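Here the chain labels run A, B, C and D in written order, and each chain numbers its own residues starting at 1.
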Amino acid sequence: MVEKHKLKVVLLTGRTIEQGVGKELGKITSEYAESVSVCYMDPEDMKKLDIKDGANVQVSTAFGSVVVKAKKSLRAPHPGVIYIPYGPWANVVVDPETHGIGMPTFKGVPATVEPAPDKPVLGLSELLKQQFGKG
Amino acid sequence: MPVVKAVSCPVCGSLCDDIELTIENGEVVKVKNGCAMCEAKFLSHRSEHRIRKPLIRKDGEFVETTLEEAIRRTAEILAEANYPVLYGWSNTSCEAISVGIELAEEVGGVIDNTAVVCHGPSLLSVQDMGIPSCTLGQIRHRADLIIYWGCDPWSAHPRHIERYTAFAEGRFEKSAWRGYMAKIRSLIGLKKIRSAAKRLVLKEPSEIEARLKPTFVPSIAREGRKLIVVDVRRTKTAEMADFFIQVEPGKDYELLQALRALVRDQELEVDHVAGVPVEYLEEVVDAMVSCDFGALFFGLGLTMGGAKLRNIDAALSLIRDLNMRTKFVIMPMRGHFNVTGANMVFTWQTGYPYAVDFSLGYPRYNPGETSVVDVLLRGESDAALVVASDPVSSFPRKAAEHLARNPLIYVGPHMDVTAQVADVVIPSAFVGIEAPGTAYRMDHVPIPLKKVVDPPEGVLPDEEILRRILSEVRKIKREKTKAEAA
Amino acid sequence: MIVNLYPLKEFKLPVIAECINPEVFKGKSIEEIGRLEVWEGNKQRRLNELFKLEAEEAESSPEAPVITIHGDVSRVRRIGAGMKNGEIVVKGDAGMHLGEEMRDGKITVYGNVLGWAGSMMRGGTIEVHGNAGDYLGAPYRGSTEGMKGGKIIVHGNVGREAGAHMKKGIIKIYGCAGQFVGFRMKGGTIYVQKDCEARVGACMVDGTIIVGGCVESVLPSFTIEGLRKRVKIEEGEVVEAPFYLFTGDLTENGRGRLFVAKGPNPHLSHYEKFL
Amino acid sequence: MELLIRNGFVFDPINGVNGEKMDIAVKDGKIVDKVNESRAKTIDATGMVVMPGGVDIHSHIAGGKVNAGRLLRPEDHFKDVERKTAVTRSGVGYSIPSTFTTGYRYARMGWTTVMDPAMPPLEAKHTHEELSDTPIIDKASYPLLGDWWFVLEYLRDGKIEECARHVAWMIKATKGYAIKVVNPGGLEAWGYGRNVESLDDPVPCFGITPREIIRGLCKVNKLLHLPHTIHLHTNNLGKPGNYLTALETMRCVEDLAENGKPVIHITHCQFCAFKGDDWRTFQSGAEEIANYVNAHSHVTLDMGQVIFTDTTTMTADGPFQYTLYTLTGNKWTNHDVETETSAGIVPFHYKRKSYVHATQWSIGLELALLIKDPWKIMMTTDHPNGGPFTAYPRIIAWLMSRKAREATLRKINPKARSRSLLPSISRELDFYEIAIVTRAGQAKALGLKNKGHLGVGADADIAIYNFNPETMDPAKNYRAVRRAFKRAAYTIKGGQVVVKDGEVLKHMDGATMWLDVQLCEPCEIELNENLKRRFKEYWTVEFENYPVSEDYLAVSHPIPVKADV
């Protein structure tokens, strides 16, 4: 599974209580950005990549690539599964295909994770500028 | 200090209506009975991130403008559009949604609500199967078996368990809270005994385990309400459960169909389904068919991946099957506080719960074709009005891109992500804090929302803003007809 | 008569044009055809505002006109919807609901076609040389009235739920198929020459599904019945290969037949112990 | 605004007017003696039938259950659409039309007052939101009270007056119009997936029987002086042999009648007039029911006529709907409401060739024709249970024309045809009787003083149909009857012309009527304290969030009622 410090995983996105609180406080608060620009990982997977809690990682799928902070999952064990809270960061990498029902594939997207010590986690407005050229 | 009681919380689909707010100088200063999200929401109306003045993008930058100008611009964009999208609606009142539908009809647009990216697939399957369900009080009074599947109420609906299910006090079923506390205590005790045994007796660990086990009967055999959680991760809710089934990501459909076969007393020709041993499943099925009243709640874990809508098809079929044996109900855990209301108003006015296309002058519905994400992905729309929602933070990038590329109007209280890439931004009052209205709880019970404080000066409720846009659109259309006639 | 349609522009908005139907064109002059109503977004237009129309007399004059569309009409929906005779040829991609509720006649697409092609079809033939979208031959939302007859041939891949609720007729897919092929089908035949995503035949009650390639998995609610040396798809088309025969779906007390080629599916060999 | 309708054949049974050629004058939304002929707008109704606007005593048009039905059935809507016009909103049909379309379609047929018969109290706001979005027609709704825990407990304890006070509070809180009882006791039992099977079957956990509930609520109804009787959907509905339950139900309140006035309304009676032990031996029990009703005066009925079509069944009778689902395997929605009631929805196709369905069709018409006094039986389809209300013109034709009945009889299941009583019934209703079964009788049973007639002071709700009874015989020209009732020549609502030649001219709000039940004063506070105490135990919403405020009614029309308690 590990090839040059790159791990093949299944990406899930979803709700966390921190994201829930963050979105109610306001989307331009730092609480919100910090709550959703993260990626929860199984501790064993983090060991495989040799990264620590809070390290920057690059998550890539067939649809895009984004840098977020890796966080040790409290909901482990779930080896091979990573979890990014709903938000603009997750949206870069989810699968837009709706299979004719209107619902994109937000959960269960094949992805890779690799350490990205040199790449920054973009702030919200930088991310919007990068993705949409607006904001 | 005035205290307002019985306030409904405009956050999640549980719509707790027992919140007590303390108001001081026209501001909410204290929130009682609410969860963390509730507190954050009620305190956020004073946030510095509020939008206070309408904004229009000029040469790529926002400039402040008057409400009249912002509404005029909005109306022009919508009246000129050949295929506009009107999206959002789940965080506002039914009264505002009603005006939104009239506006969509007037401009011949596609109107869609956030169900499309949460429980839209559930609605599609309900349209195939129907849904045996009930109000939450029925579960509180009667359910002796509660299943949460692909949802984590502890994080997303924090008071759901205490108000409506396992830890609620009902007429025929009592709260399982005490049993749960006893379990926690015994687990802590068990840990202590274990470490003490290790230190003092120095026996083989397996021997200690063997001695300890018999006193801790598998809790699924225990009397009273039982809680089963099915999820891909061991969530907080899963930790409270009597029985936790960790399903392989994307394999819920197989698990549900296997349960159905077992409920029908059929044998399976496999040992494991979705990573779960079939013997475990048999135990779970026993608990299901032997309960007096079971309730299955499901979340986005079932709708957003894998078999998507057909996960729900299987879940609904499972409940149909179970009703041949006992009483069983099922309910989606609706996210936004009024997404159910949006579905309701859409349905009574147009016949369909979401993804309604008015471009031919009458309601048409076919998610996949008329749903907003697909319309955006195919690049068909030429303008968008977003009300009470934040699609740029919830849609896949490619869909959000098309929104941002075309004229985009945002109506809402906060400088949301969508607002930041919009062309016209109209600030609105917080529904349920600064404006009254009606919202529907996840079980379709309508709950009134209160106005407890005034909105900032000059900021109107969504309903009023939409009315003004609608009348401006009609004015523009009249002007145009006149000009054409002349 | 042959009527040639040339799109006048690259369509950005959805176009609803169920008037593109030999039955409707029949007996009309090219001017009259040009005046037929279509919708582009929320504006009503005439067919000749969107297409250049040309008529040519065919050598042998068939009863109903032949309509040929030259170019990309992937935004144009409901082409040939409800058609009862005649022929439509699309030289390019076609939009959603192609040949919906079609009763007879023929539609050929030399490109891809989007979702709901042949939805609720009763008869006639649709042949697609490229890929087809989701819900091929499937019913409208909430309805259980699937395909009741006719034939659909797709030479490329298809999306999800091909042949859902099918009662009669045949669907042949010479590429790969997405999830839920033959979902809740009650009769008829579906053939997938190549690979199939998971949940083939879910909740099927009757009918036949034949998969020549690899299936991701067979649902636990199917039971193995035996091995077959060959399977007949339709008159004159037989696939020679050992096939596992499963029946299901048990959850619906179904007796649908699911043939899965043995060769490409070694992961199913554990079923052989039940034979 | 003044209006003069000239020279029509007027059928106004409440005032004894039977087809006389006369003028009807309207001023400020009311019928008046005369108007200034030079100022008034004139409608020439020469050669046309003039009747009061239609009244429907039982039609599921709004609320949670109806909307769940709409949501359930996109395939019911997508081929029956209404395009937006300069004056009207768009919408869809067929069996469960969207709200705007519901209002327009009723108005097009000349109906102006419709009662929604099943409102779960907890979800009353929903019903009212939809009613307010149903244009043109006036309407009201009946709260479901037969399985409400308060009612079960008070009646069990013999506290009729306490019960009456709480029912009064509930009617006001829900802005309701009458006491609706559905499968009494059965809905509470359905909470655990069970049912009750006879009038004396005890309700699990409550120690009360259906008989006690029915009698108790009849007494409550009298104590409160409500304008309508209790509105009852019987136990065992939809089961072979249930005509006996229906007869027993009617008998069980015989002694409560006073002065020959009705005390009970048995709704959609067709569904509880089944004879036989099972579906094979199933047959009509209409004759027995009709004989009983002909001999007694304390009962009114409505038909619940079946139409051969694909429709959507929906009732508060959860266990019945479950049975229907197990019979058909169709989609099934169930919605139990805590402390109060339940609901179920199953799509259903009535087929001509089915013995049972064809017999059901026959039963409805047999009831209407065998019951001699038209004031006792009202025309309904229990919309959409027997079929959509848009089928009324066809039912009118069957009632008026033996020829129309025979035309349909020829096409139905032969066994059903041979057993049907219809061939032996020669009765053909005339326009006077049709006016009774479609408006006057319904208004009278509902106690609506200003509806269902054209006397001075009545609401100016008028329907004009293009059929000349002088030159045409409806029994022979039943197709013309159908056409006339399908598209009214004029519908006048509150003095305004809203429909002309079957086209809607105006989108306007209709009123929502509700009973402002006034109790003897001191008990109100006591009542509230009592309710508050039990609220947290029984419901999952707060006491003050429960009642429907008047803001929910687009046009609120309270009707004061003075109670005896």
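The rule is short, and it goes like this: a contact is a pair of C-beta atoms (placed from the backbone, for glycine too) under 8 Å apart; a residue touches a chain by one contact, two chains touch by 3 or more.
Everything numeric in this text was worked out from a predicted model, so none of it was measured.
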* Of B-C and C-D, pair with higher C-beta contact tally -> B-C
* Core chain by centroid distance, with centroids computed from Cα atoms only -> B
* Asked: Between chain A and chain D, what is the gap in Å from one C-alpha centre to the other?
  -> 57
* So what's the Cα centroid distance for chain C and chain D, whole Å? -> 46
* To do: Express in whole angstrom the distance between the two chain centres, defined as the mean CA positions of chain B and chain C.
  => 35
* Centre distance in Å when chain A and chain B are each reduced to the mean of their C-alpha atoms -> 21
* Asked: Tell me, which residues of chain A touch at least two other chains?
  -> 99-101
* Structure fact -> Listed in rising order, chain C residues that touch 2 or more other chains are 115-116, 134-135, 140-142, 179
* **Touching two or more other chains - residue numbers and ranges from chain B** => 124, 127-128, 358, 360, 365, 367-369
* Draw the chains as dots and join the ones that touch; what shape do you get: line, ring, star, complete or other? -> other
* **Inter-chain touch pairs (all)** => A-B, A-C, B-C, B-D, C-D
* Asked: Okay, in this complex, where on chain B does chain D touch?
  -> 5-6, 8, 17-18, 94, 98, 102, 105, 123, 126-138, 140-142, 163-164, 171-172, 292-293, 320, 323-324, 326-327, 329, 343-345, 347-353, 358, 360-365, 438, 440, 444-448
* To do: In the complex, go through chain C and note every residue touching chain D.
  => 139-143, 145
* In the complex of these two chains, what residues of chain C are touching chain B? -> 12-14, 16, 39-43, 75, 77, 96, 115-116, 134-135, 140-142, 144, 179-180, 183, 198-199, 202-203, 217, 219-221, 223-224, 249-251, 271, 274
* Which residues, counting only chain B, touch chain A once they are in their complex? -> 11-12, 36-37, 40-41, 44, 47, 49-50, 60, 116-117, 120-121, 124, 152, 154-156, 158, 232-236, 246, 249-250, 300-301, 303-306, 308-309, 335, 355, 367-369, 371-374, 377, 390, 392-401, 404-405, 414-417, 420-421
* Spell out the part of chain A that touches chain C in their complex, as residue ranges. => 99-101
